[in-house]
Amino acid sequence: MLDGRSRVRRRAGLRLWLSGGWLMLAAGAALLAPWIAPHDPLAQDLFAGRMPPFWVQGADPLYWLGTDSLGRDVLSRLLHGARVAFAVALVAGLATAVLGAALGLLAGFYRGWVDMVVSRFIDIWMAFPPVLFAILLIAVMGPGLTSIIIAIVIIDWTRFARVVRAEAMGQGAMDYVASAQVAGRGRFSTLLVEILPNVLPTIVVLLTLEMGIAVIVEAILSFVNLSISTDQPTWGGMIAEGRTSIHQAWWVLVVPLVALFLTVLSFSQLGEGLKDRFDPVLR
Amino acid sequence: MLRRSLLRLASTLVTLLGVAVIVFVVIRVVPGNPIAMMLPPGATPEDELRLKALYGLDKSIAEQFFIWLGGVLRGDFGTSISTRQPVLGLVLGRLPATLELSVMALVLAVVWGGALALIGTRFRGGRTEAAVDVGNGMALSVPDFLWGLVLILLFGVLWPVFHISGRISPSLDLPFTTNFYLFESVLRLRFDLWADIVAHMFMPAVALALPLAAIIAQLLKQSLKETMHLDYVTLSRTKGYDETHVITRDALPNAVLPTLTLVGVQFTFLIGGTVIIERLFSYEGLGNMAIDAVINRDLPLIQGIVILFALIFTGVNLIVDLLYTVLNPRLRHA
Amino acid sequence: MSYLHIENLTVGLKGTGDRLLRGVSLSVDAGEVMGLVGESGAGKSMIGKAILGILPRSAEVLGGVIEMDGENLLALPPRLRRQRIGAKAALIPQDPLTALNPSRRIAPQITDRLVDILGWDKARARDRARESLAEVQIPDPDRVLRCYPHELSGGMRQRILIASAFAAEPKLIVADEPTTALDVTVQKQILRLIRDMQARHNTALLFVTHDLGVVAKICQKMTVLYGGMVLEQTDVRSFFKAPGHPYSAALLAATPRHDDPAASLTPVPDHVVQAVRAEVAAADRMQRHG
């Protein structure tokens, strides 16, 4: 038994290190993009269009990961695109977590009419196709980073609210809450001091997962050309361009796709790894 | 039983009404002016007002909503602004494509996920189960959109065995009277067409199916493994049955029920995923039409599509509830 | 030669040096009832599980012989062993509420072995199922055969499990605490039923229990176990007259008496437990060096 458990722990540890490592690397690249990007991501060079990446015959050593059909440097666009991806992940993820968790806590702890309203909204939200909803919201608010973040918060708050509500309900029924109340602690203070710390690990896990989802939503919106102005390179925008020239210049699709894939995978593995860490059964 | 069903139905109706209100309000604060785009150059402000009145856009949002709701109850979903055709006809014309794609993805997911769960249970505790778990983890970590792109690269470009765009090859003569191409091609015994349609649908269907397959595999395997510890399974072993027989006959029917409810919710996620997957594979279904409608600011069409999606989502959940009751002998007699 | 003969059976926990059964030997003949007695963890049900090939996945047979009908089961390939067990042995499980498959009707749960393993035709198997239910005094067998388990009471389900065990005319039955999960009033009826069925079918019966009172009622021979080791093997009459091992004596003193429930109970004293533990440890050392 002991042997099996430690093997699980070791595998979970490796998973945390690998995914955390990639995210640190990508976030660092995003932060330093203006200084480390070899070219201007928007500069077009029509004579150097569709140059392949360095490991393919005929590559230009100036463009490590090749160029797209307008001759823009793929590596520089990738690095600048990471800025958008991580900004959206961080801000949208946190904002969604705060709104969703707050509503979930209130509904699960106070019950009554608050719970009825929140639950009804969750039901309605569950009947929307989320991607369509996001596209609709962006169409309403107009493209831009702020619009994307607001759209993600509006669509995804239910992910937090659903889970946190159930947990808060479970915690609220436990003896320690009753004894805190007997000891004279107020309702709201009980919620903050007794319930929130116990629900926090769940919120952190969900937040990690939500960051991955935010990156994907941003990419999807860029893909349907609704994200940000064309002046700002994004992974989704690069993928959309790559999709159209897939037979002529596959690397324009492959490079951002690999970055997006690894980032989304890492967020999700990080979340799963944290879940195992927090799980009292494995701890 | 009846009381529960009625309550359930009422709650579903409230949800649908909520969806309608939210879409209606959201799209009416769209800053872009759909009417302006329809006007020919040199149109006067009077022309614009007349056009607005024609589409009812000059009234208050509440008024517009009740007019629209009254129409819906009579089966009239309004007229599309961009195509000037009735919304209901447009939407119903595209619905079969999306339904066929979703159902194909569901079938793939159930078969693939079920097979993985059975294999993982049969060889539990070994390398095979570990491999199944790793595969599931990967499939779950990455959404359908990315799987679609990976599939396009692998089987559309590197090893082009499937079509990556459209629903059917445009050069083919289509003898169809309905839009259920896949279904009708089988009925008409046109297996050449059927093969072409499947070659188009397969990639988007696999992309949609992968995450669901992984969820089914994971839940069902968990549930199977729990069931394998139960006394009736042990008793079955002492009767002389081998492991495979015990898993499929004794454990499976009892392990399916807890999986079923969750699969219902997940299937609605799959249907929601068709929106972007159809776009990715240029598949002419509802989702693709929805994105065009948003880009064209075609308000009546957007409303119609969203309501239809909501109807499908809630309908799926109702069906799953019903299935659960039918499949569970304990509830069936209650 | 006895119908079931176990020689030096050793079962261990996989991947550790721990042993759950330490060289158990016993024999049961047709028409005989052998009680396997001990506290929980003594390994008494592990013996039945090893015979029937249903050890938990964490356990494995390390050595010994399980001979049934003159054939060493442990030497057979797994497939053949399963079929032999299915054809010649049966289990009466502990908990009637969990031992029937909730999603299958009663009839196929009795007839499946007859048709699939013994190769009977369906009509004959159905007739046999009906007879078996009648034999365990279930009224209206035809209706019961069509029921799902949840429609029947616990006592009824235990009768069905007994009928199912005897339906294939096995020569050996393992009963794993078959009355523990039942009401006291039902217990007596079920015990009598098992004894009657066993006598009528001339079956060899291994009766696993922690209850010496039950042993006195139903068994002819008994084996007392501690820590997976046989402490004493004797016939029931002489056991109750004079237990042969100090631990057995203490166990007997710790058993509530059915004729006089008010009589004071003495738990197994510490020094007896320590002595028997030392005995198990000594046997382990012997085995390691020998």
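Each chain gets a letter, A, B and C, in the order it is written, and its residues are counted from 1.
In this section, a contact is a pair of C-beta atoms (placed from the backbone, for glycine too) under 8 Å apart; a residue touches a chain by one contact, two chains touch by 3 or more.
This structure is a prediction, so every number in the text was calculated from the model and none was measured.
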item	value
Category of the chain touch graph - line, ring, star, complete, other	line
Chain-chain pair with the highest tally of contacting C-beta pairs	A-B
Label of the chain whose CA centroid is most distant from the centroid of chain C	A
Inter-chain centre distance, chain B versus chain C - centres from mean C-alpha coordinates, in Å	53
Gap in Å, rounded to a whole number, between the CA centres of chain C and chain A	57
Rounded Å distance, chain A centre to chain B centre (Cα mean)	23
Chain B to chain A touching residues, read off their complex	11, 14-16, 18-19, 22-23, 26-27, 29-32, 137-138, 140-143, 145-146, 149-150, 152-153, 156-157, 265, 268, 271-276, 279-280, 287, 290-291, 294-295, 297, 302, 305-306, 309-310, 313-314
Footprint of chain C on chain B - complex, ascending	125, 230-232, 234-242, 250, 253-254, 329-330, 333
Chain B partner contacts - residues on chain A that touch it in the complex	120-121, 123-124, 126-133, 135-137, 139-140, 142, 212-213, 216, 219-220, 223-224, 226, 239, 243, 246-247, 250, 253-254, 257, 260-261, 264-265, 268-269, 272
Interfacial residue positions of chain C with respect to chain B in the complex	52-54, 57, 79, 82-87, 89-91, 93-95, 98-104, 112-113, 116-117, 148, 150-151, 161
